[in-house]
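The same subunit A turns up in both complexes below, where it pairs with subunit B and then with subunit C.
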Partner chain A sequence: MSKIDKKEIPESVLKMKKIMKSYYFKAKFAKLFRRKIAWITSGGPVEPLIAMGIIPVYPENHGAMIGAAKMGNELCQKADEMGYSSDLCSYARADIVCSYTGGGPIGGLPSPDMLICCNNICGTVLKWYEIQARRYRVPLFIFDTPFVHTNYTEEARYYLENQVSEYIDFLEKVTGRKASMKKMQKVGSLSVEAMKLWQKILNTAVNRPSPMTAFDAFFYLALIVTLRGTKVVVDFYKFLLEELTEKVEDNIGAIPDERYRLLWDNLPIWYKMRWLSNKFKEHNASLVADTYTTAWCDTLEFIDENNFIQTLGDAYSQIYLNIGVDKMADKIIRMIDKYQIDGVVMHSNRSCKPYSFGQLDIQKIIYEKRRIPTLLIEADMTDGRKFSDEQVGSRIDFFMEVLKERKGILL
Partner chain B sequence: MIYFSDDSNNAKADNICEIINRFRDVAEKPYEYACQLKADKNIPVVGNLCNYIPEEIIVAAGCLPFRIFGESKNTMHSDALIQSYCCSVVKSVLDDAMGNKLSFLNGMVFPHVCDSMQRLSDIWRLNIKDGCHFDVLFPVKIGGHASKKYMIAVLRKFKSDIENILKVKVDYLSLKGAITLLNNIRKNMMHLYELKALYPGIIKGSDLNAVVKGSMVMYREDVDILLNKLVKLLNERINIIEKPCEKRILISGSICSQPAIYDIIEDQNACVVGDDLCTGLRNFDFLIDENVEPIEAIAEKFLKRLICPAKYIDNSSRSEYIKNMVKTYSVDGVIFIFLKFCEPFFFDYPYLKTELDSNNISSILVEISSMKQIDEQIRTRIETFLEIL
Partner chain C sequence: MYILGIDIGSITSKAVLLNKDNEIESEEIIFTGYSSEKAGEGLLSKILDNTNIKREEIVKVVSTGYGRKSISFADRAVSEIICHAVGAYFMDPAIRTVIDIGGQDSKVISIGEDGKVGNFVMNDKCSAGTGRFLEVMARALELDLSSFGELSLKGKSPPNISSICTVFAESEVISLISKGEKRENIISGIHRSVAQRIYAMLKKNGYREPVAITGGVARNIGVVKAIEEISNISLLVPEKPQLNGAIGAAIIGIRSKNFT
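Here is the complex of A and B:
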C-alpha cells in the first residue's frame, strides 16, 4: 500500500473530488431536486441537456470507475453468465451488469429518464443503449454522426443540422418544457471556454519537465466529459491551470528526473494506472501527451462560438474516433512535434475496436514520418482477466531499453 | 446493351442438379468466376461486403455487384494490418486483398455498419491500391424524416461518384431496369424460401446456401435466368417429396460461411426452414416499388426492410421478427450462428434468447469463424441440441 501524505495531494485533486462527489450526489437524488436524468455517451452533445436543466450521467465514466476500482473482472464474469460474450466492450458489459444487480463502486448509476446515444465514438454504444432502453423502458434518442473517412460531406452536414432540431424536439417532449436558445448559446460558450482551458492545461506538458502526465490527465478529464457547459468546470480548470503554471515556473516535473517523453494512444488501462505510472517512472519516462484526453478539445476549430448550436453537428461528427485512420495519424504526428515525443505507447484495446483497428497503420506512418519507435500493448480497459503484469512489464522494459539506446546514439 | 447473359453455360443448365451446381461452382470459386467474366466480357466488377449497399445503382452502371466473403484461411498478410480480435470475415477479405487475389476489382464499396467494417475501409484505402474506393455511409438510425432525406442524398452522391469515377452512365431507364431485374431475383428467392419452408426436403440446406451465395456473386441477369428455371423445376417436384422433416430449425446470424452446418442438421432428421441471415432471406425479403422515382424507391427499401443489428430502428423489431418467423414457419428450435467478434449480433443474443425462452422456443449459440471448418465440438453441440429438441 502506498502511503501518500495527504498534504502531498495537490489541492486540485481534492477540489475535483469534491465537485465529482457533489455531482454524483445531485444525480443520485435527482428526484428530490425535481431534475430529470439523461444517460449520455461520452462523445455526445451534452450542452442541450445542461441548458434544459437535465442532469447528464455517463455510463462510460461509470465503466472507467469500475475499472479503476478493480471491479471489472468480477462484473465481466457476471456478464459472461448473463450471456454477454467476453469479446464485447467491457464498459458496456460491466455497466449492464450493474444495471441489473446494483453492483459496482457506487451501487449502479441513478436510473435514467431518457437515453442520448451519439455514435461518434463507436457502434457499440448503439447496442449498449438499446439494451438499457429496454431495461429502463425510457425513450432513446440516437444522434447519428456519419463517419468522416476523408471529407466531411454536405449531405452529412445537412443531416446533422436536422438532427440537432430533432434532438431539441425530443428533449422538449420528454421534459415538457420549451428550450431556450439563449440558454443554449450561453451553455455553448461555457463549453467552448472549458475546452479551450482544457487544451491550455494539456499544453503545459510541452514544458520540460512536464508538470503533468497522461495519468493526471485521465483523472482531470472527468470534468470536461461530465459537466462541460457549466461554470463549475471553467472555474476548476482555471484553478488547475494556475496550479500547473506554478509548477512550470518552479520547474517541478510530474516525473522527478524526466528523461524520456512518451505519448499514450487509446483509453487507459484503468485497473493498471498506478502500476503503469510507476513502471514508466522507473525508467524516468513521462507520458506527456495522449490522444484520449485531447479528444475533448480538438474539435474547437469546427465550432463557431457565436453560433454554437448551428455548428454543434460539425464539431461532434469530427471528433478523433469518427475520422479516418490517416487523419488520426496526422493528429498524432502533430502531437509528437508539439510535445517533443521520444516514443509512442499504443494500447491495443480489445474492448475498443474503432480506436484500435488502424493502429498498425498509424505505427507505420509514425515511423515513416518521424522515425519514432512505438510499443503496442494488448489489453482491455476494464476487464483485466487476461492482463499479464509480467508480459506487459517486460515489453515496456524492452521498449525503454530501445529508447535509451536511441537517445544515447542521438545525443 | 446493359446486361449480358452467359447463354453458353446457364441457358443450357436444364435440371435442378445442373443449376445448383452452376451456383455452387461460382460460390466456391468466386474470384475465378469474376476474372473469367472480366476477361470474356470486360464487365467492371465492384466489390462489396454487406447488404447495405445499393446494388441497383451498380447494376444500372453496367457493373457486377460482387459480394466478397473472403477466401483466405490464414492471416499471413492481414496480421500486419489488423489485430487478432477482429472478425474472420474482415481479416480474410483483407488477407485476400493484400495477397493480390482481388486485383480484378474495379472498385470496392464500403458500408457504414459495424466498427470493424468501418476501419477496414480506412485500412483498405491506405494499403490496397487496386480499384476505386467508395464509402457509402447510410444512416445508422433508420426512420424519421432526417434519416430518409440523408439516405436519398447518399444514394444520389453514390450514383454520381460511380458515374464520374468509373466513367459510366446511370440513367433513369437503366435504374428502372436494374430495379426490375433485382426485384425478379428477390421474388424468386422468396419463392425458393417458401418452398423450402413448406417442403423442407425439396432442396438441401447446403444447396440453398450455395444458390444464395452464388446469386450474390454471379452476373445478375444469369442469376435471374437460373432462378426462374430452378423455381419452375422445384415446383414440379412438390408432389413427389417423400421424407417429412421432424424438427424445423431457424438459423440466425450474419453470414453462414459453413454449409456443413446444414448437413449436420439434416443428418439429425431436422431441417432449416428459414433464416435470419445477412446472406439469406434478410437480403431478399423486400421488393422495391417500381412505380416510384428510382432513387427514392431504393431509399425506401433500406428504410423499410428488416434491419441488421448494426442499425437502429426501435428496441424490439428484431426480436419480433424472429418470433414471428418462429410462428409462421412452425419452428421447433433456433440456432444462432455468429462469427466470433461480431459485436452487433453478440449484443443482441441475451435478449433474443430470453425472448425465445419465454415463448418456450429452445435455442443454441454457435460461434464460428469463416476461416476454420466446423470442428467436432460444434458438431456435437448441434447434434445434442437437435437430439433433445
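Here is the complex of A and C:
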C-alpha cells in the first residue's frame, strides 16, 4: 500500500472541494443573488462574463462530474432512447439528458439566461448549444474562432477583434448594463495570473520524483476551467503550488517508486481514474504530464497582459484543439523533452473527434523524432460502455513491458 | 540443460524446448481448452514424454500468451508482444516488422535494429481480422478451416465482405451463400477482408521491411497472399509461424541473467 491513501488527503483537496461546492451552490441559487447565468463551453472566453457579474456554468465540467460519479452509462443509455446517436459526444448527450430529466450528480445544472458557445474546441458544441437554446428559449452567442492550421493570419486577427466586440455587445444587451473596460482588464489580469500559476503547478512535475500526476492535475484543473478571472483561483493555486513545492523539497513523489515517466494525451477517462491510476502505479509509472490540462495555460504567449481584451481573440483561437497536427506534435515533443518522458499514452476518445483524429500522425512524429513508443487506448471520457477493462488492462501491461525492455530491465 | 517456452493462446497452446545452443529439441501444439493451467501442464508432460529428459533438466520456463499468468511452474511470464518480437528477431535479425495473427487478437509490432520493440498496435474491440473471425466464417460455410488457404487461391472474383464487424461479415457470407456465390470466391473475399484489416494496422503502426507474419493464421496461404496483394509487401513466413511466440519466450529464458 502506498502511504498516500486516506489519512494523508492533502489540504488542497479539501479546500478545492469546498470552493467547488460553494461555486455550484451560488450557481444553483443565482436567482436569489440576482445574478444571471451563462452556460459556456470549456474553451470559451469567460473573462467578460466574470467582469459583468454573470455566473459562468460549464456543461463540460458537469459532464466530467457525471463521468467521475459513474453516472455516464445510464444517462448515455437514456440519450440513445431519446434518439441521439451513440457516436455523438458523451458530454453533450449526458448534458442534454440532464436538462430534460434533472438527473446527474447535482440534479441538473441551473437554468441558463444565455448561452456562450465558442467553437475553438469542436464543432459539436454548435449543435449542442443550439439544442439547449431551443430547450431553454434563451439567447445564444457563437464566438467563432477560425482554425489555425499553420499561421495565425492578420485576417483572422481582424475577424476575432470583431468577434470580441460583438460578444461584449451581446452581453450588454442581455444584461442591460454597460461593460466596464477597467473591470475587464482587472479580470483579465487575474486570469493571466491564474494561468501562470497553473503552469508553475504543472512545472513541478519536471522533478524526479514528480510530486503530482496527471490524475491530480485532472482534479485541480476544475478551478481554472470554471473560475478563472476570479481571485479565489489565484489564492488557491498559490496554496497548491506551495504544497507541491514542499513535496519536491522533501523528495516526496506522487507514486511511491517512480521509475517510468509518461505523458497522457486527450481527456481523462473520468469513470476509470482510480483504476487507471492504480494500474500505472503497479508498474511504477507516473503520468507526469498531459496535453489536456496544459491547454489551460499554453496560450499565455499570445496574451498581452496590459491589453487583455485586445488579445483575447488571439489567445482563444490558438488553444491546443484549434491548431494543426504539426503544431500539436511540436507541443508534445517539447513536453517530452521538458518532462523527460519515457512513453506516451493516448486516449483515443470516441467522444472527442478533434482531439483524437490526429493522434496516429502525432504518434508517428513522436517516434520519428524521439524514438518514444505510444500506447493508444480506445475509450470514451464519460460513456463507460465504450471501455473494456480486460483489453485496456492488457494493453497497458504490454506497453509497460515494452518500456521495461527498452530500459534493459526485462531481459 | 534446457529452456522451455510456453505460449498459451486463446485457441491453441504451444511449447518449444530449446537446448543451450538455441536449437529446438522438441515442440508441441495442443488445444487450450477451458483451463490454461491444465494446458500448460499438458504441454510440459508431452514435451517430457517426447524427449525422455527429466523435469529438473529444464532450468527455466518462460510463459507467454493470454494465459501466461496461469502457468504456476513458469519462472516468469512475458507478454506476447515482446515474445513475438524476440522470436522473429531470433529467426532473422533483419526483420523490422512482425504481423502476428492469433486466435483472438492480431498485432503489428515494429522492431528496432537492436531487436527491441518500437511501437505496436493491436486490433480494436472487434474480432474482425483474427483467427476467430476465420473460424466463424468456416462454420458458416461448413468447411474445415485448414482447407481455406488452398480453396481461396482458386477464387477468381472475390466479393467485398465487411472488415469492420465479424457479425455483419457473417451475415454477408450467409447471404452470399444463399445467392449461390462460389465458395472459393467467398473464402477469397473473407481473406481480403482480413487482409484489409491487417493492412490498416500496418499503416497505423508504420512499418519497415522485411515484414514477417506469425501466428496460426500465417499457415493460411490465402491470407498471406491477400495481405501481400493489398500491401504490395512480400511477407516472410517462418517454417513454423505458430511457434514464434513460444520460441521468443524460450529465447528470453536463455538470455535471462541467471541461466547457467
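We take it that the second predicted complex is superposed on the first by the 401 of 411 C-alpha atoms of A that agree within 3 Å, B and C clash if a C-alpha of one lies under 4 Å from a C-alpha of the other, contacts with A are read in each partner's own complex, and residues count from 1 in each chain.
Everything that follows uses one rule, which is that a residue touches a chain if its C-beta (ideal position, glycine included) is under 8 Å from a C-beta of that chain, and two chains touch if they have at least 3 such contacts.
The structure displayed is predicted, hence computed values, not measured ones.
Look at A:130: by the touch rule set out above, it reaches subunit B but stays clear of subunit C.
In the superposition on chain A, A:357 contacts subunit B only, with no contact to subunit C. When the two structures are aligned on the shared chain, A:35 is found in touch with neither subunit B nor subunit C.
In the superposition on chain A, A:70 contacts neither subunit B nor subunit C.
Shared-chain residue A:397: touches subunit C; no touch with subunit B. Touch criterion met: A:158 reaches subunit B, while subunit C stays clear of it.
After overlaying the two complexes on the shared chain, residue contacts for A:88 are found with subunit B alone; subunit C is out of touch.
In the superposition on chain A, contact of A:367 is made with subunit C only, not with subunit B. Applying the stated contact rule after C-alpha superposition, one finds that A:378 touches each of subunit B and subunit C. When the two complexes are superposed on chain A, the residues of subunit A that touch both subunit B and subunit C are 360, 378.
Across the interface of their complex, subunit A is touched by residues 66, 78-82, 112, 116-122, 124-125, 204, 206, 252, 255-256 of subunit C. Of all residues in subunit A, only 360, 363-364, 367, 371, 373-374, 376, 378, 388, 391, 394-395, 397-398, 401-402, 405-406, 410-411 touch subunit C in the complex they form. Here subunit A touches subunit B in the complex through residues 82-85, 87-89, 92, 119, 122-124, 126-128, 130-131, 133-134, 140, 142, 144, 146-147, 149-150, 153, 155-156, 158-159, 162-163, 166, 324-326, 348, 350, 353-354, 356-361, 378, going by the rule given at the top.
Taken together, the subunit B residues at the contact with subunit A in this complex read 80-83, 85-86, 112-116, 118-123, 125-127, 135, 137, 139-141, 144-147, 149-150, 153-154, 157, 309-310, 312, 315-316, 340-341, 343-344, 346-351, 353, 367.
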